[in-house]
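Chain lettering (A, B, C, D, E, F, G and H) follows the sequence in which the chains are written, and residue indices restart at 1 in each chain.
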Amino acid sequence: MSTRDEFLLDFGRAERIGLEEAIYCAGKSAEQIAAILDAAAERGARFMLTRLDGDKLDALPGHHRRDLDYCKVSRTAFFGSAREVETVPAVAVVAAGTSDVPVAREALRTLHYQGRGATLIADVGVAGLWRLTQRVEEIRAHPVVIVAAGMDAALPSVVGGLVSSPVIAVPTSVGYGVAEGGHTALNSVLASCAPGITVVNIDNGYGAACAALRLLHAAERLARAPER
Amino acid sequence: MSTRDEFLLDFGRAERIGLEEAIYCAGKSAEQIAAILDAAAERGARFMLTRLDGDKLDALPGHHRRDLDYCKVSRTAFFGSAREVETVPAVAVVAAGTSDVPVAREALRTLHYQGRGATLIADVGVAGLWRLTQRVEEIRAHPVVIVAAGMDAALPSVVGGLVSSPVIAVPTSVGYGVAEGGHTALNSVLASCAPGITVVNIDNGYGAACAALRLLHAAERLARAPER
Amino acid sequence: MSTRDEFLLDFGRAERIGLEEAIYCAGKSAEQIAAILDAAAERGARFMLTRLDGDKLDALPGHHRRDLDYCKVSRTAFFGSAREVETVPAVAVVAAGTSDVPVAREALRTLHYQGRGATLIADVGVAGLWRLTQRVEEIRAHPVVIVAAGMDAALPSVVGGLVSSPVIAVPTSVGYGVAEGGHTALNSVLASCAPGITVVNIDNGYGAACAALRLLHAAERLARAPER
Amino acid sequence: MSTRDEFLLDFGRAERIGLEEAIYCAGKSAEQIAAILDAAAERGARFMLTRLDGDKLDALPGHHRRDLDYCKVSRTAFFGSAREVETVPAVAVVAAGTSDVPVAREALRTLHYQGRGATLIADVGVAGLWRLTQRVEEIRAHPVVIVAAGMDAALPSVVGGLVSSPVIAVPTSVGYGVAEGGHTALNSVLASCAPGITVVNIDNGYGAACAALRLLHAAERLARAPER
Amino acid sequence: MSTRDEFLLDFGRAERIGLEEAIYCAGKSAEQIAAILDAAAERGARFMLTRLDGDKLDALPGHHRRDLDYCKVSRTAFFGSAREVETVPAVAVVAAGTSDVPVAREALRTLHYQGRGATLIADVGVAGLWRLTQRVEEIRAHPVVIVAAGMDAALPSVVGGLVSSPVIAVPTSVGYGVAEGGHTALNSVLASCAPGITVVNIDNGYGAACAALRLLHAAERLARAPER
Amino acid sequence: MSTRDEFLLDFGRAERIGLEEAIYCAGKSAEQIAAILDAAAERGARFMLTRLDGDKLDALPGHHRRDLDYCKVSRTAFFGSAREVETVPAVAVVAAGTSDVPVAREALRTLHYQGRGATLIADVGVAGLWRLTQRVEEIRAHPVVIVAAGMDAALPSVVGGLVSSPVIAVPTSVGYGVAEGGHTALNSVLASCAPGITVVNIDNGYGAACAALRLLHAAERLARAPER
Amino acid sequence: MSTRDEFLLDFGRAERIGLEEAIYCAGKSAEQIAAILDAAAERGARFMLTRLDGDKLDALPGHHRRDLDYCKVSRTAFFGSAREVETVPAVAVVAAGTSDVPVAREALRTLHYQGRGATLIADVGVAGLWRLTQRVEEIRAHPVVIVAAGMDAALPSVVGGLVSSPVIAVPTSVGYGVAEGGHTALNSVLASCAPGITVVNIDNGYGAACAALRLLHAAERLARAPER
Amino acid sequence: MSTRDEFLLDFGRAERIGLEEAIYCAGKSAEQIAAILDAAAERGARFMLTRLDGDKLDALPGHHRRDLDYCKVSRTAFFGSAREVETVPAVAVVAAGTSDVPVAREALRTLHYQGRGATLIADVGVAGLWRLTQRVEEIRAHPVVIVAAGMDAALPSVVGGLVSSPVIAVPTSVGYGVAEGGHTALNSVLASCAPGITVVNIDNGYGAACAALRLLHAAERLARAPER
């Protein structure tokens, strides 16, 4: 039985749901990833890879390594030609602390890969509220807001009370003790006292970006149907 | 110290974030709710009440009871004049099973209260996939989809793989054993293999509707700025 | 074996640690509570009762019921003569929402029982930040701050970033879904990004007040030893 | 006290319950495993080893390493002569994603070791339903179905609603955040809305195969007693 | 919107997967159940109801109550004509303690409803091993074994080591302290040291019976294809 | 199928393990308990009933109610003739607080039922260490010590550091917030820094007494074999 | 501040509670352990070290390494002269599987260090009941029984139903999935259906031995006071 | 996008809340820490670094390494000139065991960095109560008490019952089995039977020190306002 029997790429995904196939590398061996890249190359397909650790990247054949546009901080890679990014950023990606930046960058990269502009606004946690206050207008200017926050994840609640945009919270695994693993941050944003905040899995910057992409897609669809 | 000191209504909320104040009744005494209604009446304000049990409703003064438009299934009430609901429904509210209907109706009522149209599509869980398949086109016709599901909550993943619209999952507390309390449903949708699904707290139909409202608001804002 | 063998009051507590004995009623039968009151009356002792439900109060002998100064909201009672409350309140007791008021009142009553002044500041949760902002100077004026908050309990972090006073957070069991039972609120305040916040058990307004009393006691001790 | 006192092989197991003894290596030292192999060799016994990591394999004496038929992906080894595998596969082993393949292969190897045929059907998760739909007839052709799935483990529910065969779900530890460790997948399949799905421990491909073997054994027994 | 919109019966289920539709009543209102019975009566359908509490039964219209064959212990009801039960029982339903009998009876009733014979073997927990030993031959005589056990659920492991039949374990919520809710029993059977035991959700006697039905169905299919 | 099939009394238990059969009533119906008492009466057997709530007692037939020696506080009953209790108590049953007394009394009653003497020492929790100090010699005089404690259950650690006797800790479900259900007390005694403390399930006064009985039995056996 | 300020040996422990001081090494640095050994050497004291990993042992100064009687399997060391071990073993140390042997050996070493004899009985788990049955008389011959078991930990329940001796269960962290970390084994033994089993922390072979030592001590005390 | 965009130092913190900015290094890369130090150096700022592992320290540029006053035990570093420490220590930092010393030292270093004196009192856990008793007067002499304790964390309860000072408990992650990660210690101190103990996150010596600093600050403020 060969490695080729172990995967089946969903090439029709973009057409079906507006999001291109992406490869989650954390649970896959370098052999499996290389075989997937081979299959994609044959077909001329492009896609994104997430959670690709440096060690696993190094274990890939040289020609694959060279073909990948890799970002060490977010552990993402682009396979195939990139799209041009729109000039007016539609999404604000807010990171509560410096330690939340890798997750925020995963969201940014996912948006860029699909041609969407996005702005990083980092280290504006609520323990020093002035940092948020001085940038709240900038955040408000974006129709969609992603907020990555670990520990007690109080930031999404405060942002959700200040802006009318959809707020997608990404709890992060930053922290220790009760915060370890991100479950406190997750529960905190789920229990948020600010109405209408939505949540994705812990450290799931990719998923938050996909949710933003669905949303921008729906907005464009609504804009094309002004009679609604 | 009087009951009046115990609350402070956020009347500016609609202007600030596009969502009107709502009163969560589960943790409040009938005395507190009555005092809040008095204060709102003085000001001519309108709002929605959620998680208002029948017993607590019965404990309110008669004039308040009469002023409320109450729905037993969703345990919601409208205080003050209702808005006209738009004719083309923007939101599909999908309930996996019959037992998930109360949560779905909380979302429907919240949308109606703010003038948005919404369609209930019930009992289309994945154990009999044909039930979903025969209604998938109807679901696709709505720019926003809310899916309420308990037990293993497999439905949002399947819907998320079939439609391009934003999918907001509401895990419900329906079930027993490991499903009791809704934590399995919650974790299941957070870990969904379908990209870009967002999640709200267990049984939080109100929050899912608010997220949909934020989203529709953003879409209208984007539609007004076609140059983006 | 008689009920008298089942308790042993700690009458020396006030002398030893500056806090008078209090009776936690939740796990005790009406028979046990009555026997304790009898023993205290014989000795001329005074103390406070916490978590005394209305039903249990009604099950006490009439003369005991009449001797108690009972508060329905906080479920506390004073047995024996009260102290005069100081005129300048030393403690701000902040409640994030209306539903957190019973816990806040348990703290207030405990402080009053020991003669300390305290101010209730209610319904200033972070979803409408202006409510907090307009009262932050009032909070700052108190040397000690207690914050009772349920759900995501974001308020103590924000307060902790704005005031220099000791902040004692009391997570409350207000909420549903992931917030049920108060564990999310508890973990959230323990993981707070604001430095130096301390925490007591869920719904433990009594404990927060005792912590404030220890603190005021220490301050007075330090004030008497200015050479430090 | 010698290492020989530390184990007692259950050589009568096959006769008693139709399943041969297998050695779970994860909690055993290389010394203990070598001693077990010595004891088995003396007796001419054959058995299977599970969870044998490469490092531990390398720590075994050379003659033992050479005697083992080892599979790196599933971390299983056969000790002693293999059986001929039946030509018509009785079991479909379905893997939701590529990352679930190691667990699926542990089940396949266990079945092969006991002479049963089995078919691997990989990467048919529900986020792209067409992948499952195109292979559902193939799955239906097998009297027993094993489904290995991580993350939200929605696949067993969908399969269980489409086929009449016994469905044995193996939750896997694939995933991150709430999915980490496989508990979400486990709870999801236990709470499945599809009736009659059974479950084994997380990552327990071996156990799922044993359950299938018991079942095929029972079927043969029933077939021999047609009067039932 | 009427109650009729809130359900959609899966009448094709028996044909598709060999198991007839059943109605889980715990999360449904008496109004919903009555409407479902009306719809089924119109169609001449028959089905089983599970988790139907006495109070909810009493709240049904009289003609529905009269049409139901109700069992108080298992809280199950049959709607429509029953099938004849086969004479040689294929399934042994073993209950560890007297308190596990209601769950065992739910399994028995489900099997009887579909025409399968089953034997109840109760109160044979491992604390008095002789009770099991004296009935082990009787258990072995059945091709399928269901074991319901709460508390530490040690019985399925012991049974699984003694018989070759498929063993389906149903953990029950019997017990207190760490056993409360059945999670200890569940984890215990999942971690069983006896190979090939499968598990269903806590208290899910219905699900265990459905798994047994799938299995008997597969056995009959294999018996019809002797060339395998 | 009759209720008689639902139980099988372990009459040989006393001979086998030195402890007589006892009936745990919490999970049994009044019908089941009555049938068990009938069966025991026929055989002239005696035993103890635990967790028999007042309501269930009242639901028993009158002649059974009259035959039972019932204790409301511990919810235990003796069926059949009592034994004479030894004059020198061998076991000290220590209760940390007044609320722990019901669990302590369950242990006392179990010991008395088997003829063992025991002393209750109540309300000696560590928050007022003098209460323990003044009774520590009395505790030391008993060869076996049971300590029932809820909340943080610090008492068994302190006792275990002061006496050489075997210390059996019974965590109780007394408390609220993190202490609710007794899990904090349980974990606290399991993690005790005092060596050689053993633990039973939450609220399991009966089990602690049985452990003490096993121990006294072993001591008598050792005393009869002085050559050891 | 020197390392000497960081510890304070409890040299009076043996006199106070009959158990000598032992050093738990897992949380201590090699520097701290070396300083403790120095202090003990000065005083001529002897004690036991537990959880001393090979790496940490290697980091100790050479003269300390040479003075220690180290056991790799149990990670224990004796410092100072050993006692003579009694000839008739008082304690049976039963290990359910081969993987539970390290914990069992920690108990054995602790008993030997204090001069008590003990017998190891390994690999007698309940999945092959004959292995236990053939050694049950040997187990019964010991007045005290320790049972170490991981995974579902069914063995202590079965042993507890067969022997009258005190049974001290040590859950082990052996296993994966739901068994990982030993919590399932722990809960299983706490919820045991066999009466009078006591439990110590996961992997705490040392604690189980200390409990046995307390018990043997109490037995000797009772034997010296035959009038009881 | 440069690393400079990833942080925003809260230089006004000392003025606002009396506590200087500190850098939590656990979630930050060496690149990020170096950039923060650069920015601080430019501004002439001073601050403290916490959770700085030796490996990360070694990865910093040489000039930064030289500028840091590093403590290996507590993994803290001071950047910039230190303050003179007051001569009379205001805070007693009590460590239950030797293994709790690193957390205690983190608290001590934080206090010293801000110029406060503090006394370490180590290895006074309650299993040998005399160790605490002989130092209780020394502890009482400090107006504020921090207690670091792992495992069952019984010490803060006992201390809280003996001294009137504010007691800030720091649960530590010392321990194994149920104590692993510090959750048992955390819950134990939250559920403490001694009134008025407050708690910080697991292993959060820094936070406990900050709480003490807030408290001493409040005391000085109260001392300056003697009319209160």
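Assume a contact is a pair of C-beta atoms (placed from the backbone, for glycine too) under 8 Å apart; a residue touches a chain by one contact, two chains touch by 3 or more.
Computed from a predicted structure; not experimentally measured.
**Q** Counting hops between chains that touch, how far apart are subunit B and subunit E?
**A** Minimal hop count between subunit B and subunit E: 1.
**Q** Going by the touch criterion stated earlier, list every chain that contacts subunit A and also contacts subunit F.
**A** C, H
**Q** What's the farthest chain from subunit A if centres are computed as the mean of the Cα atoms?
**A** F
**Q** Report back the single chain whose CA centre is most distant from the CA centre of subunit C.
**A** Max centre-to-centre separation from subunit C belongs to D.
**Q** Can you give the whole-Å distance between the Cα centres of subunit B and subunit F?
**A** Roughly 50 Å separates the two chain centres.
**Q** With chain centres defined as C-alpha means, what is the inter-centre distance between subunit E and subunit H in Å?
**A** 56
**Q** Round to the nearest whole Å and give the separation of the Cα centres of subunit D and subunit G.
**A** Centres of subunit D and subunit G (C-alpha means) sit 35 Å apart.
**Q** Taking each residue of subunit A in turn, which ones touch at least two of the other chains?
**A** 16, 97, 127-128, 160-162, 175, 177-179, 183, 186, 190-191, 195, 201-202
**Q** Which chains touch, pair by pair?
**A** The complete list of chain pairs in contact reads A-B, A-C, A-D, A-H, B-C, B-D, B-E, C-F, C-H, D-E, D-G, E-F, E-G, F-G, F-H, G-H.
**Q** Report the residues of subunit A in contact with subunit H in the complex, numbered from low to high.
**A** 95, 97-101, 120, 122-124, 127-128, 130-131, 150, 174-180
**Q** Report the residues of subunit E in contact with subunit B in the complex, numbered from low to high.
**A** 1, 5-8, 10, 12-13, 16, 24, 26-28, 32, 36, 51, 171, 173, 181-183, 186, 201-204
**Q** Quick check on the complex: what are the subunit F residues that touch subunit H?
**A** 96-97, 125-129, 151-154, 157-158, 160-162, 175, 177-179, 183-195
**Q** Looking at the complex, which residues from subunit H come into contact with subunit C?
**A** 16-19, 22, 86, 88, 90, 143-144, 160-168, 186, 190-191, 194-202, 206-207, 210-211, 213-223, 226-228
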